[in-house]
Each structure stands twice: as structure tokens, then as C-alpha cells.
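One structure is given here, and the rest of the page talks about it.
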Amino acid sequence: MSLITFELNRPMDFIGLGRLCIDLNANEIHRPMEETRTFTKYVGGSPANITIAIARLGLKAGFIGRVSDDQHGRFITHYLEKEGIDTTSVTTDRSGSVTGLAFTEIKSPTDCSILMYRDNVADLKLEPGDVREEYIRQAKAIMISGTALAKSPSREAVFKAVDLARKHNVVVFFDIDYRPWTWTSRDETGIYCSLVAEKSDVILGGREEFDLLEAPFGPLRQDDRLTAERWFAHHAKIVLVKHGGDGSVAFTKDGQSFTGTTFPANVVKTFGAGDSFAGAFIYGLMNGWDIARSQQFGAASASIVVSSHSCSDAMPTAEQIQAVIDKHGSK
Amino acid sequence: MSLITFELNRPMDFIGLGRLCIDLNANEIHRPMEETRTFTKYVGGSPANITIAIARLGLKAGFIGRVSDDQHGRFITHYLEKEGIDTTSVTTDRSGSVTGLAFTEIKSPTDCSILMYRDNVADLKLEPGDVREEYIRQAKAIMISGTALAKSPSREAVFKAVDLARKHNVVVFFDIDYRPWTWTSRDETGIYCSLVAEKSDVILGGREEFDLLEAPFGPLRQDDRLTAERWFAHHAKIVLVKHGGDGSVAFTKDGQSFTGTTFPANVVKTFGAGDSFAGAFIYGLMNGWDIARSQQFGAASASIVVSSHSCSDAMPTAEQIQAVIDKHGSK
Amino acid sequence: MSLITFELNRPMDFIGLGRLCIDLNANEIHRPMEETRTFTKYVGGSPANITIAIARLGLKAGFIGRVSDDQHGRFITHYLEKEGIDTTSVTTDRSGSVTGLAFTEIKSPTDCSILMYRDNVADLKLEPGDVREEYIRQAKAIMISGTALAKSPSREAVFKAVDLARKHNVVVFFDIDYRPWTWTSRDETGIYCSLVAEKSDVILGGREEFDLLEAPFGPLRQDDRLTAERWFAHHAKIVLVKHGGDGSVAFTKDGQSFTGTTFPANVVKTFGAGDSFAGAFIYGLMNGWDIARSQQFGAASASIVVSSHSCSDAMPTAEQIQAVIDKHGSK
Amino acid sequence: MSLITFELNRPMDFIGLGRLCIDLNANEIHRPMEETRTFTKYVGGSPANITIAIARLGLKAGFIGRVSDDQHGRFITHYLEKEGIDTTSVTTDRSGSVTGLAFTEIKSPTDCSILMYRDNVADLKLEPGDVREEYIRQAKAIMISGTALAKSPSREAVFKAVDLARKHNVVVFFDIDYRPWTWTSRDETGIYCSLVAEKSDVILGGREEFDLLEAPFGPLRQDDRLTAERWFAHHAKIVLVKHGGDGSVAFTKDGQSFTGTTFPANVVKTFGAGDSFAGAFIYGLMNGWDIARSQQFGAASASIVVSSHSCSDAMPTAEQIQAVIDKHGSK
């Protein structure tokens, strides 16, 4: 019996909610950005990337978000549509906001950084009124990015979406996705992310991200199993702790744990590893695969994305992922 | 067996959290405030009033809040201390904030209004760091005023306090206490108050306040019993719906309901009726009284306060309340 | 020949521009405000006080300002009207602003302090659109309070008013009236007040206020005569440096200077001394009196106001001022 | 005798003040930006462009401005240094600001638009303290961009710079450079730009820009000569009204006027026309050329820049400009 039950008779498999941004990746890699001169534009933002990953894998996906009322906003919406993602809940913000930008600098495979533009961004203008009950209840799963909690009114829109999802038995995935920009304090992050984690079925995050959620409420224990148990006391069924290059550990409410590893890769940059993992892992769970196989699928997907120049554009198909697994053998 | 169990071996009975303000009541009543010339100063703010009510009734009370670093802030702290309320968790805000003010205008017993000063107020500067686990866990009960959710960082401080209270088995009272000032939208109010209501043991509010909590998540049903059941599905044991001059109805998780009435009064103004009711009602519950007796005690207390010029200063002793009940007979 | 020429054929003598506030004076004097319980309400704010002073002296005065859309705003407008001041350019602000408040604490004649409420105040919402050319050009003189420069859009409204005044030969009085609240930095104060001082005919301020204007542009010289010459290089004809209890020195563009003294008073508090001086001094100039006589009239007026509990309410008539001069002899 | 006298014994010819930004020009031209994928990065912002133009022409230039504390800020500073521009008054802003961005879209030579990022930009964080008297007094001329007046504290820094320039006989050029972003209202723009125009020796702007300056103070007359006379009543000696493709008209305080024309160009985009004109025109005046020759030099420079893909990078040398004039004949 599966840990998580998806309502199979629903037309939409998956809804992403949160950040729709633009990545401007320096074309000249292995040098400081102050010396680069040209950039290529991609759709970016963790929930956008994960939703694109899932659509490439063949699931029917949609998105709840806001884009700016300009060329960048239109670029994003067109891109999602081209990928077959439903954009009927992607609203154009008319308040004069801009699209969030991430200029990426790749000095070396292990020395990458991002220059962010996060002031007055459209994605954080998402309002509770943009979250429609009829949209959510026709989906099997929804994924919340913690960054969407960074500011009002997007924060309130998230709480509304999570409550409607619970009300209609839509499986809630929560990717903590902590980015220090925009948040006022670490306490604020921990408190709001905890409120969503309590209502989530599956929680994904790094060790430091889970610590952030525990910090306001007592001394840190920094133990993956204790972390998982904290959330099992609420609604969680699966808690997955990511350890970067060291793989991941998934805990399930029935007391099991699964250690996932990584696949070899010719690493260009580490951006996108987590998003491609998440997309393929969720795809596995929604296919009814067991945890271990889903983790492996996620890891193989990540190995493809870190080997390429972009994130969203590089999201692989199921065949491409399977080819990696076949080549390297199951991990 | 009681619906609610208080940890009896704790030194502090009750903690109030939220607004500490000043009421400036026009001395010349029954005329428009533009024609009045003198004002008398009182401590005000719903959670302050309730905590003062409870201290007057003989319980050991404390407060978690912030006051301004000026004469008004010192006046409030001195007043609480004089009432025997513990102020070790009342912090002086050093950010240049001011004390919230409420100028009250009493044109007639039924035509009262308030002119509020709520910009840059000290009470909403309460931070998660002001909420100390060791303070909360030594108390039997805590009361959250919904107004403390109106703005960050006070909003985050509330969520931290509620989680620590649940962690340590401190009974959580939640008074919705909706005031339109400061809130950005009704959706925002409904969403955050719902998050606290879900974690509360006892919820007090008017019909319109409960509607506000339900509005973001579906069509309004405006039925007291359905409202109560909504919250019983979470942690609530008692839901009390106030109907102003028509009394109140208390629902309990075991399916019972109790209709409370009001006592005759020579009404000067209606301000303070809810706070005095809440203080005496909570006092009753903490004494182990049944719901009906607690409601009656609350109603008798309210009849005293609406007959006087102030709120906080007029909070009665248990003897004074009992005298009203004895005079008019149990209701 | 007079230094300053007023256009005599104009219907309005004087326009005040800027702050319209409320003073809440503790009735119990000679004790800290945290121990006082009752307050009396008066119209306050330096330009309001000066305009009231001038109206009491019998000149035809008007005001350009904004008041809050509440009982306090109405109280102010009614008070001005009762004093015979034209309020057709007093606009009611509909943005949800409040009236600025000054709670005054009088511990002793020499130890007075003010607790200010200056967040979101109506007076600083004055907009350029509120300043009408046809209103200004029918007046002989206008007085700008430096506090009206503390924030936009009031700051822009001042610049517009000053330019229209110069265009129509309306004499510009500038009272530096420095209050640290609201200003972001001392540089900001100095820079904007200097821009107005350059366009003013008569400038009034204390030594420290004039220093503030000079500070951004070079080392301080702190010499009254050099200060006066700085402004004579622009449009100023009279520069009056106030020295508190030591009187004042007025410099004129033709190279003269006049030292004014003070009158004995039974001082209750020092608030209002400067405003009453300014009102009576301007009245003298507008009557065509020489500088010395105007200074003396101002000083006598100040001696009356510091002996009373209020500022605006205590502004004397010409007869009352003359009686002081007659009693103590010319100074 | 020249209209304008430069203090010849000063080591620095010219200081630019204001915006230091980045242009991201779509490489794929003649299509909507939502369809372009790559961008090339250039230093941008009108005062940056003009200063670069002047440095290319061989004058000794410096800049007063703020850049962001990141790769974009360093790119700008390095670029200026490479061009031989003194950056000792270019400050790195540590407040978490970003570099302003202009994404340029070139659909056709006559259909160009800009997508601006102007929230929390470093250039508007310029403070009065960044403007040093010793830096200004060693220069012959300074140029103020009106955009630097759009927000505090940059606005105050401009007023300080202009006053120090006047104090030390540094010629003040004022380029109105109106951009609607950032300004709160058209009144605000007109009022602050007027305050600087009054103190400027040479004013450059389009007809609509001059209208903007006149609008708050009376009915528009929209007459170039009346406009010029307005400013001649203050400190202006030259007022140049730009008419886009129809050339420009320069008025001088001695009553003359000079009509300038344009040179033929293979127009790629119109961006940068005004900046290249201004740079070469100012260069002419500083060389002691007459107005007409300076206008011609400006127009020839503009014809070169509009024919290329960038603004700053395309600024020509004096030889390149002369070659255009020689080819087409004097206009």
C-alpha cells in the first residue's frame, strides 16, 4: 500500500506555485561576471523549473503565479505554454512590478554565484484572490516553494492554497527552497515555513533548511530522523533531507528510511540539481514507484542538468533519464 | 470531567499577549469629540483590559508585549505593575515607535466611536525573540488577541507563542478581536486568524468575526454550530460566539451548547463589554466552573463596565460581580 | 524708506503655511507625564500659532494646509474659523492620515518636554495642487514653516508656494522651525531649508538653526552677522537670530543691526515663546513699524504666552501686549 | 567675449553626476524582446554616456556616483577607469542596492523601447556626504542629470553639488533627462528640476521637458524663446531646446539663437542620440567654439551613435566626428 494516495480521476496531475523568474546565464563561463559581456535568457525560479521538469516527463501540469506586465512576463508565459503547462492561473500583475532576475556567474564547477534582482517582483504579488478553489480541486498534487512565503500577499496566497488542497485531498509537496533575499529574518522564515510544513504530505529540503524551521521553537538537534518525526507528528508522510553531492535520505511515516546516491556527471554548474531531482522524484511517486526508485530517478535527472548550461531548458525526458540509469547501473 | 485541563502546578495562571495602548476618553460625554476639550488617560487595548480584569479577580497574570520608550510606555508598565501583573516579558521598544491611542467619543450610549492612532505603534513591534519558552511553560493559559496578528513582526511572535504553548500544554485562548486598522485586507485577516484558531483550545468572537475567518476558504454559511464544528476539527474544545446585546452562545466539542444572556445596566458606553466578559468568563473556566456559570459571570462583569466611564479602570472584583448576580438573580 | 514693501491693495494680509496640529497639555503640571491623568486639547503647530497670533492682533489671515478627516481635523478647522482665519485653502486629507499630536509635559518652568505623534500626519500630505496661484497673489505676505519641508509632498507644495509668492511680489517670511522628527538627516534639513531661505525676504531662526542651514556647504562660522550676509546675497532683507532668554538680534540688508531684549514673566513653560514673538514681530513690520519697535512688541507678546498654560489660546491682543510694554517700559 | 567662462587653471575638465547603469541590448534586433534570447551588456545611463563621450573626445573627466556592491557595480567602475575617467568619487553602496538595468528592444529604427529595472538602485543612494567640496572645486564644469533628482538622498546630493559648483565658479550644465520611472508625480519633477535649472549655466532639454518644468507655476506657453528667457532671469547663459530629428535651437542670454540640424545616418536605434549630442556639444563649448559649431559637432556625433548597436561603447573620437562633418559638409 502506498504511503501517499493521489486522487486518480483528476484531469491535472500537478500544480506548481510560486516564483516565475528569468535566469540570465553568462555565456562566457569560468570567469568573473564583471568580465563577461553576453548573457542568455532562460525561464527560472525553483517551482518553475520543477514544473517544467514534470511537464517534460509527460505529466499534465499547471501553475499558479504572477508575471510582470512586460516582455519578460510574456516570455515566461509563452515558454510555459510551449511546454504544455496550463497557464490559466498565471496572472499578469498590473502594479508596475518586474520579473525577478538571476544573473548567474560560473567561475568553476564548484564556484558559482548568483546576482539576484528581487525588488518589487511580480511573483511575490500573488494574491489570495488568484488562488481559485476550482483550480486546485481538479489536481492530484500541488507543490509549494518556500520562497513564495517570503512576502505578503504571496504568503497569504500560499496559506490559502494549502488549506484548499487539504480540503480537497490534493497531495501537498513542500520544497523549502530557502533563499535569504526578501526575508526579513531567519525567525520569520522558520515560522512561516513551519506552518506550511505542518500541513504538507511530502517535505523536501537540505539539512540547513530543516534547521531553519526548527530554530524558533527550541534548541537545534540536527538529526535527520528527529526532523522527520517532528513533521510526521503533523501531516507529513515522507520527509526527504538532501545532502548535496552526498545524495539524500528519505524518511517515511511508517519508520523506514532510504538513502539515495548520485550519478557521475561532467559538472558545469551546480544550479538546478535540486529542482531536477525534485521534478523526477515527484514524477516517480506520482507513477506509484517506490521511494528508492523515485530517488534514483531524481538523482539521474540531476546529473543531466548539472552537466548543461541552463536549468529549465535542460530538463530531461524520461527516456534521457532512463538512459543515464542504464549506462551507470542502478544506484 | 472538564473539557479543558489546566496544568495546576504552574506558578502563573494567565498570560496576555498583544496590544498595550492608551485610551483617551473625552470627559465631556454626549457631544461630538470636535467639541470636547479635556480627556482622561487610561490603559487600554483588548488584551490589556482582559489581563487587568483577570488580575482584579485574583489570578496571577503576566503579559508579553512591547511598550514605547516614553512617558506613555512607562505609564502603562507602571499601571500593570500596580495591578500585580508580571511585566518581566513587557519589553521597551527602542525603534522610535509610539503607544497606540484610542480617543473615545461618547455621543450617546449607542453612538460611540473611536479615533485610533495605530501608525508605528510599539505593540506591533513585538518580536519572536521577545517570546521566551521558559516564560510560557510556567503558565496555565495564554490569551492571544487577533489584533497582534495584524502586522509583522508581532504576527510571527504570536505564531511562536502559540506553538510553544501547545508544546508545553498551556491552554490557548484566542480572542479574534478584529479591528480593521492596520490590516491590509480581509483575506489577510481571515487567513492568519484561522491559522491561530486551528491551534487554539478556546475561541471567542462575534458572528462577523467568525465569518471573516471562513471567508477565504469557501462560501459563508453563517451558522454558529457549523462554525464551532469547523474549529472542533482542529484543537478547539470551546467556541463562544458573541451576539452583543443578545448574549452569547458557547459550543463545546462534546456537542453541547449554552446560551448566555445579559444583565441590565445603566449603559454609558458599549466599549469594554467584550473584554470584561472575556476576563470573567476565563476566570470561571480556570476556577473549574461549568460553561453556563462562567458565561453568567462574564455577563455580570460586562454590565458593570458598560455602566462606567473607563474600561480597564472599571474592571470589577469577584465580589462586585457576584453582587450583580445576587441582585438580579441568575440568568 | 522701508526695507520691505507690502502690496497694500491686497485683501489678505497674511497666509500661514504648514503644520496644523493638536497640543494635549497635561493639566497636572510640575510632575512627570507618566503620572498625569488628564489633558486639555488646543490647536497647535508653529505656523498655526503664528497665524492665530496675527489674527488676534487684527490682521486678515488665511492658511494653506491639510487636516485629517476626523474629529481632530474638524476641531482645528472650526477653531481657525472662530478666530476669523480664512480656511478656504485648508484641505481635508482623505488618505487616512491623522492629526499630529504634541503631548506636553511641564515638570518645571525650565524642564518641559514634548511627546510627539508625527507618523502619517495630515499636514505633511499637503500637495502642490493645494497651493493655488489665485490664493497667494491676493495676499501681502506668506509665512513658511521649515517643518513643512520635512517630507514630500508637503516639501514640493512649499517650493511651489514660495515661487508663486515671489512671482506676485508677496513678501516671504521663513521661520526655520527645526524639529528633528520626520527629517531623515541634518543634511536634508540644511539643504531644503537653504533653498527656501534663498528665496525669502525675512528669515527667523535660532543660532543652531542657522548653523544647520550652513553645515552642508562648508565649515561653520557661527557668527550672526556672517549668517545674515549669507542670505542678504540672495533675497533676504531682514535676518533675525533668536537667542532664547537672551533676546534676539535683527540684521538688515542695509547693514544695521538691532538687539532686542525680553520682558519679565512668571514663566509656566517656554513653549510658544517663539511663535508669539514671531506673530507680533511680523504684525509690527506689516504695520510699518521699525525693526526695534517690532522686536519689542514680539518680546512683550512672548512674555504673556510663557506665563500661561497654552500656546494658541493664550495669544494676546494688541492692547494686552501694549499693556505689558507700558507696565515695564520700553526695552 | 565668450558667454561662459571656464576656470582654465583647473586639473579636471568635467564631472558627470548621477546614473551609472547597465544596458542589456538584445542581440537579435527587429523583433519583440519576448522572442530574443541573448543580450550584450554595456555601461549605460545618460550622465555615464555623456561623461564617456567627453572622455573619448580627450577631456579629463571624473564622476560622482554610487554603484552596487556586486559584479555589475565592479563592471561599471572598471569600464570608467578603462576610459580614463576618474572614479575617486564613485562610491560603492553597501545598503544592498542593485545596479539599474535597461533591457533595450529594437523592433525597428523607429520602434524601440526599454524595460527598466529602477527599484532600489545604487545610483539614487548617492548621499550629500559623497559630494566633496575639494573634488568639485578642482573642476571646470559639472553636469547634472535630472534623473538624479528623482529620489532622496540623491536629490539632496545634487543640490549640494550645484551649490558647491556655484560657490567655486564651476560651470553647471543641466540635462533635464526626464524619465517617468521613480518620480512620484509630474509636479515633483517640475519643481525640483526648476530649482536646479535656476542655478545652471547651460540647460539642455526637449520641448516637453521644458514644459514639465514650467507646469507647476502657471499656464504653459510652449514657446522656446519664452522658455529660454525664463531661465535667463536666473543664472542661465545658454538654453538649448532639442527637437529630436528636427535638430535643436540654442538660445543665448545676449538674445541670439542658433538652429542646429542633423546629419544623415543609417539609423539602428534612436537611443543615445541625445547623450552623444550633449557630450560633443559640451566638448565644443569647453574648447571655446561658438554655439553653432558646437551644435554641429554634437549632431555629427549623434549620427554615429544612432547607427550602432550600443550607446556608451559607440561614443566616437573627435576625428570620427570630424570625418562625418567633412563627408557631409557643414550643416
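All chains are identified by letter, namely A, B, C and D, in their written order; residue positions are counted from 1 within each chain.
The rule we apply is simple: a contact is a pair of C-beta atoms (placed from the backbone, for glycine too) under 8 Å apart; a residue touches a chain by one contact, two chains touch by 3 or more.
Since the model is a prediction, treat every value here as computed from it, not as a measurement.
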Centroid spacing, where centroids are CA-atom means, of chain B and chain C in whole angstrom: 44
Averaged-CA centre spacing for the pair chain D and chain B, given as whole angstrom: 60
Rounded Å distance, chain A centre to chain B centre (Cα mean): 41
Set of chain B residues in contact with two or more other chains: none
Category of the chain touch graph - line, ring, star, complete, other: ring
Pairs of chains found to touch, sorted by chain label: A-B, A-D, B-C, C-D
Chain A residues touching chain D - in the complex, by the definition given at the top: 24, 27, 32-41, 70-72, 74-75, 78, 98, 101, 103, 105, 115, 117, 119-120
Residues on chain B engaged by chain A in the complex (per definition of touch): 127-129, 133, 152-153, 156, 159-160, 163-164, 167, 184-185, 187-188, 191-192, 194-195, 216-218
